[in-house]
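Each of the next two complexes has chain A plus one other chain: chain B in the first, chain C in the second.
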Partner chain A sequence: MTTLTEAVRTTATGEKKRRATRMLNRGSRAQSTYYWMVWPALIAFAAFHTLPMIIGIFFSFTNYAGYGEWNFVGVANYLNLFRDDRVLQAYGFSFLFAIVATILTNVISLTIAMGLNAKIRARNFWRGVYFVPYVLAILVIGYVFQFLFSNSLPKILSGIPLFAENILTNPDWAWTAIVALAVWQACAFSIIIYLAGLQTIPGELYEAASLDGAKPWRQFRSITFPLISAFFTINVVLSLKGFLQVFDPIISLTNGGPGTSTESVTMLIFRGGFSGGEFAYQTANAVVFFIVITIVSLLQFRVLQRREADFS
Partner chain B sequence: MTTTTTTSSQEVAATPPPSRRSRRRDADDDTRKVNWWATALIAVCSLTVLVPLYLAVSVALKTPEQVANGTGFELPWPIRLENFADAWERTDFPQALLNTGLVTVGSVFFTLLTSSVVAYALARNLHRRFFKGVYFYLLAALFVPFPIIMLPLVKQTSLLGLDNQAGLIVLYTIYGLSLNVFIYTAFIRSIPIELEEAARVDGASTWRVFWQVVFPLIGPMNATVGILTCVWAWNDFIMPLVVLTDPGARTLPLAQYVFQGQYNTDYTVAFASYLMAMAPLLIIYIFSQRWVISGVTRGSIK
Partner chain C sequence: MRSRTIRAVAAGVGVIALTAGLSGCGTSAEGEVTTLNFFQYKGEALEDFNLIIEQFEAENPDIDVVQNQVADSETAIRTLLVKDRAPDVITLNANASFGQLAKAGVFYDFSDEPVLETINPAVQEILADLGTADDEVNGLGYVNNANGIIYNRAIFAEQGIEVPETWDELIAVCEQLQAAGISPFAATLAESWTVMPSWNAIGAYAAQDGFFDEMREEGDTVGADSPVSFEKDFADTMDRQLQLFGYAQDGYRGASYDDGSAIFANGEAAMMMQGIWALSPVKNINPDIDAAIFPYPVPENPDDRLLVSGVDVVVTMAKDSPHQAEAKRFIEFMFRPDIVEQFAASQTMIPAVDGAALSDDPALQSVKPYFDAGRITGFIDHQVPPAIPLVGVVQQAVFDQDGGPALRTLDNEWRKVAARTIPVTED
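Presenting the complex of A and B:
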């Protein structure tokens, strides 16, 4: 079980974790020192995290442009969002991107993690190699990928029209290049999580299974996958949430283009809110986005958790 | 989850030399035959990681003509090191490196100091309503996407004069709190309280107990939180992009922006600059690879 899984679970279900607590002065008020340890951080957190959020929600009911005067406009911003093609397109792109990237990330990293978990030569070296993308700024390595897609691949794969004409300028397929970059980086972290999960499975289980004549695929389905399902849950939830908010890979590869075909919700909020004079409108967009992300995460947890086997 | 699993996994996690452990396992426990198919698969797939890195190095060492006439993958010869000198000047590399270094070191330092203290107070009082409330409040914030606070935050930071490196340190320290408190709390709760009681009997105050007894014991988690914060602060793009206003304060990822637009075709210098931006963290990683990986793993797995 992972700490993060538990975090999401406890917040999602409000389930109280019961534990035998042996405390010094149980029942009475805590020492004032403990309060002093928490208050400053709590105030700072509220001031820089919760307060901007509340201000944002407040302004989403106005017509504030980011400067000058403003008036209340009720829920007009929210209604307009649903009629705005650019917004709908950004949501469409973000979801398409996030779903494809999540599936690819998890399939690839689980495969690689199983390869790393097998008895292979120089395992620690390979593990180190696969983790390298984690320490690289995705924006910077993204520029390298941009060169790869716009300069190298058109020359190397000149026989394939899709690549020969620079996939990044293709309105229909540019998003796949962004998926490639995002998956490339996200796999580093997922592989490590899956690997840690795989190492918790005792080898005897596989020995017993092969004695019973179970083929590798059957072993994967009946032993490996059920036993790492908690890791699967956390990886899927975290990657989907991260991918929905995609920003850096787009900036480095297409900058939202061609046109607005690869514009994600985060990017739209950034662009419209800062340079488009749509402060209030885009905060309304952000509020909707927040609600969407929360619902998606909670739904995923409900669905995935039901599948999890409980062997503990 | 039982207490036994928690402690045993922590003992495993806390054992620092993984090299010896894994070598022993390879030698004794793991009696399987070497799986050459898996080795081959892993080796081939690792090319996807290595090829972009090779491309970055190879282009950075070329002349513009070599790049224009090739795919970028040819071996760079003759090597052109002036690219690095050009990049150094054009991105004002020392300044950007200093900014990023300052923000990263500052964020890690203040994060370690504050998150651990908060987590300690919460962990030892989770049965009380106030502390439990704070704990769940911080946890719930994990679900808030950055875009919703981004626009108002920028107004707030510029109003408070925090649209600079110091502001970034403050923000990383505060925004990291949610996850870090969570990572620390689980660990601190597994430390036997008897250790603290013994110190208290000797008359130590709560602060003293924390600094002298608890803080040294949570070393592994400090490493984890430190690594996560360091990688985040070093590589982050969107926060510096929206918060910083003075071009002199820009961080390494932001400095790479120079090469978009007017110098668009100047790939060799740009790639030299990308390499220099990635190199510091990459080099640190190469030398502390096992430590970094085990640190990150420990943060996500209990």
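Presenting the complex of A and C:
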């Protein structure tokens, strides 16, 4: 847990750490063993990630269908993307979904993390329980949730029309069921990060605050939240990035339906590119989406880091 | 030292990958046994094809046929074709993807093969509509399915109902069943694809006379003002489809395909808007069900009714197979009436070979007249570019009980796909 804590801390105190490492290294060259530890990962990453991505970018300027002959078509694919309302709708869905799911995940997991950090009975047992969703495969859970939504809930909540008629087949509300599944699963990991953050806060601070007469809410606002803000940043950035790329929960629950009402960008890329036979067009979509996610993540880091407190 | 180890490991992995890929290919030499690589897409037909291969090899000891049953056959065949490792004999489902491959000119031209003469011309017409390289014949229809309204003959007899021959009669049947407390249709909206059989069958009438040829010609000008468009020509189709879904059982919006099969199998609904393939899950639940099929009675004149049928298995071979003579011998054997009969009966399909008898399954017998008279037509969704989210759009229309927006969406998608599809120019 300490390594994770430190890794997160560096987002706040990166500059200092970097200088320290440089000082340690001066004079003695690192052993070649260390290079051998680094190279395989780098080569594998380049071969299986960077290279395919560059090839993908190349094909986004062609009319390649995934097989057979192809020509260069310039930026035609990119221009057509902006005229395609199905693409715009998918972006709308992805962002709505990601924002709602990010807020819910962080609120819920921060609350649970604080509970798990308090001196409750069987604390380690509860910590284990809340980590279980992270271990389970999302497709498996997805099918369990699908059964819940389409068979169990209609019987249990038969008084509420929305649930009685299988919420997954409701074009306006099916997305909330996907949010429920995604948040349920994502909370496990966020809780772990928040717990790590909460454990770094020295207990004396709370003692001093309560002597000064600070109520729990005031303690949370003035001590807890500012001191875990680095963890808050990393959690928000990671969850928004992850939720923007939502795929498996949709596949297992609605498969993009009813109609195309729960079609995310990643799902559109997958469907249109592979079964739709528009490989090059959807690759262009993927390139645009990659740029969008990068920009959103960088923006978040800038905005959120400015608010972080540093007590070390 | 270490880099050499890594290289050796990499080479090892490469060799394993290559041999795994090549193991399907055969070798041939004079006077020896020729190995034919047989690409087979249908998982449930594995045993039936093994039987055919056994029979063939008994008669032809100089040929060894190796069946490769592949999951996700469409991706697999594309990969093989791109890498010039085409199998010798290929079976595929005759859908839009098969048409695309045929147009790309990767399959053999069967125009001058005698075996072509034995196949029902209406079946070959369905294949030709999917797409061919120039005027070639790039595939041979083997067995067909039938898509219509499946009905429970016992319930119809009990209620004294005859098979409806016009639309008004069909609606009257629905009303009568409803009055008797039986759900007319078992529908399953939770699974989007289950709205397509009825859309295909009713829409087939609107798509006669070259509707899709004109749509392709119009391309990015399709819209409310163009000579043909979904909005203009399919409004009636959508209305009729929505009307039938109005007679579905309670809770059909959230029902899955399995739910629908169970409802029909247990006699709680009298009809299903499904093809012959739906009878197999139904018979798993109730083996004694007495079911048959009739076509959607859309036209005024009952004699104009058409049965929608897809070529479930199309047989073809690669253009430049090194074992063409042997492959042809195997294909000719497969199309022998007794062999195709045996296969079709086991798969509950209709053999495409003229003169091959159908099994005495009542469902098959009920559609036989349409095949004999050549009154069959293909699935129209095979004519819609796969980049259009057709299934979702039709499902949405049935959910909303409103076909107008769906048809406008289809026109809009057609326009966009046409505008952004830039054909490959040869240089």
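One rule holds in what follows: the second predicted complex is superposed on the first by the 269 of 312 C-alpha atoms of A that agree within 3 Å, B and C clash if a C-alpha of one lies under 4 Å from a C-alpha of the other, contacts with A are read in each partner's own complex, and residues count from 1 in each chain.
Here, a contact is a pair of C-beta atoms (placed from the backbone, for glycine too) under 8 Å apart; a residue touches a chain by one contact, two chains touch by 3 or more.
Predicted model only: the values in this text are computed from it and were never measured.
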item	value
Which of chain B and chain C A:L168 touches, first, second, both or neither	second
Partner chain(s) touched by A:V73 [first = chain B, second = chain C, both, neither]	second
Touching partner for A:L51 - first (chain B), second (chain C), both, neither	first
In the superposition, chain B vs chain C on chain A residues touched	B
Which superposed partner A:A196 touches (first chain B, second chain C, both, neither)	first
Chain B versus chain C as contact partner of A:I251, first or second or both or neither	first
A:S275 touches, of chain B and chain C: first, second, both or neither?	second
First, second, both or neither for A:T283, with chain B first and chain C second	first
Chain B versus chain C as contact partner of A:G259, first or second or both or neither	second
On chain A, the residue positions that both chain B and chain C contact, one per complex	66, 255, 274
Contact set on chain A toward chain B in their complex	1-4, 6-8, 10-11, 19, 21-24, 26, 29-31, 33-35, 37-38, 41-42, 44-45, 48-53, 55-56, 59, 66, 112, 114-116, 118-121, 123-124, 126-141, 143-145, 147-148, 151-152, 155-156, 184, 189, 192-193, 195-197, 203, 231, 234, 241, 244-245, 247-248, 251, 255, 265-266, 269-270, 273-274, 279, 282-283, 286-287, 289-290, 293-294, 297, 312
Of all residues in chain B, those that touch chain A in their complex	1, 19, 22, 26, 30, 32-35, 38-39, 41-43, 45-46, 48-50, 52-53, 55-56, 59, 67, 70-73, 114, 117-118, 120-122, 124-128, 130-131, 134, 136-156, 170-171, 174-175, 177, 182-183, 186, 189, 193, 196-197, 200, 205-207, 210, 231, 234-235, 237-238, 242, 252-253, 256, 259-260, 267, 270-271, 274, 277-278, 281-282, 285-286, 289-290, 292-293, 296-297, 299-302
Chain C-touching residues of chain A, taken from the complex the two chains share	36, 63, 66-71, 73, 76-77, 80, 83-86, 150, 154, 165-166, 168-169, 171, 255-261, 263, 271-272, 274-278, 281
In the complex with chain A, residue positions of chain C that touch it	2, 75, 78-79, 81-82, 97, 100, 104, 189-190, 192, 251, 253-254, 256, 385-387, 389, 392-393, 395-396, 399-400, 412-413, 416-417, 419-427
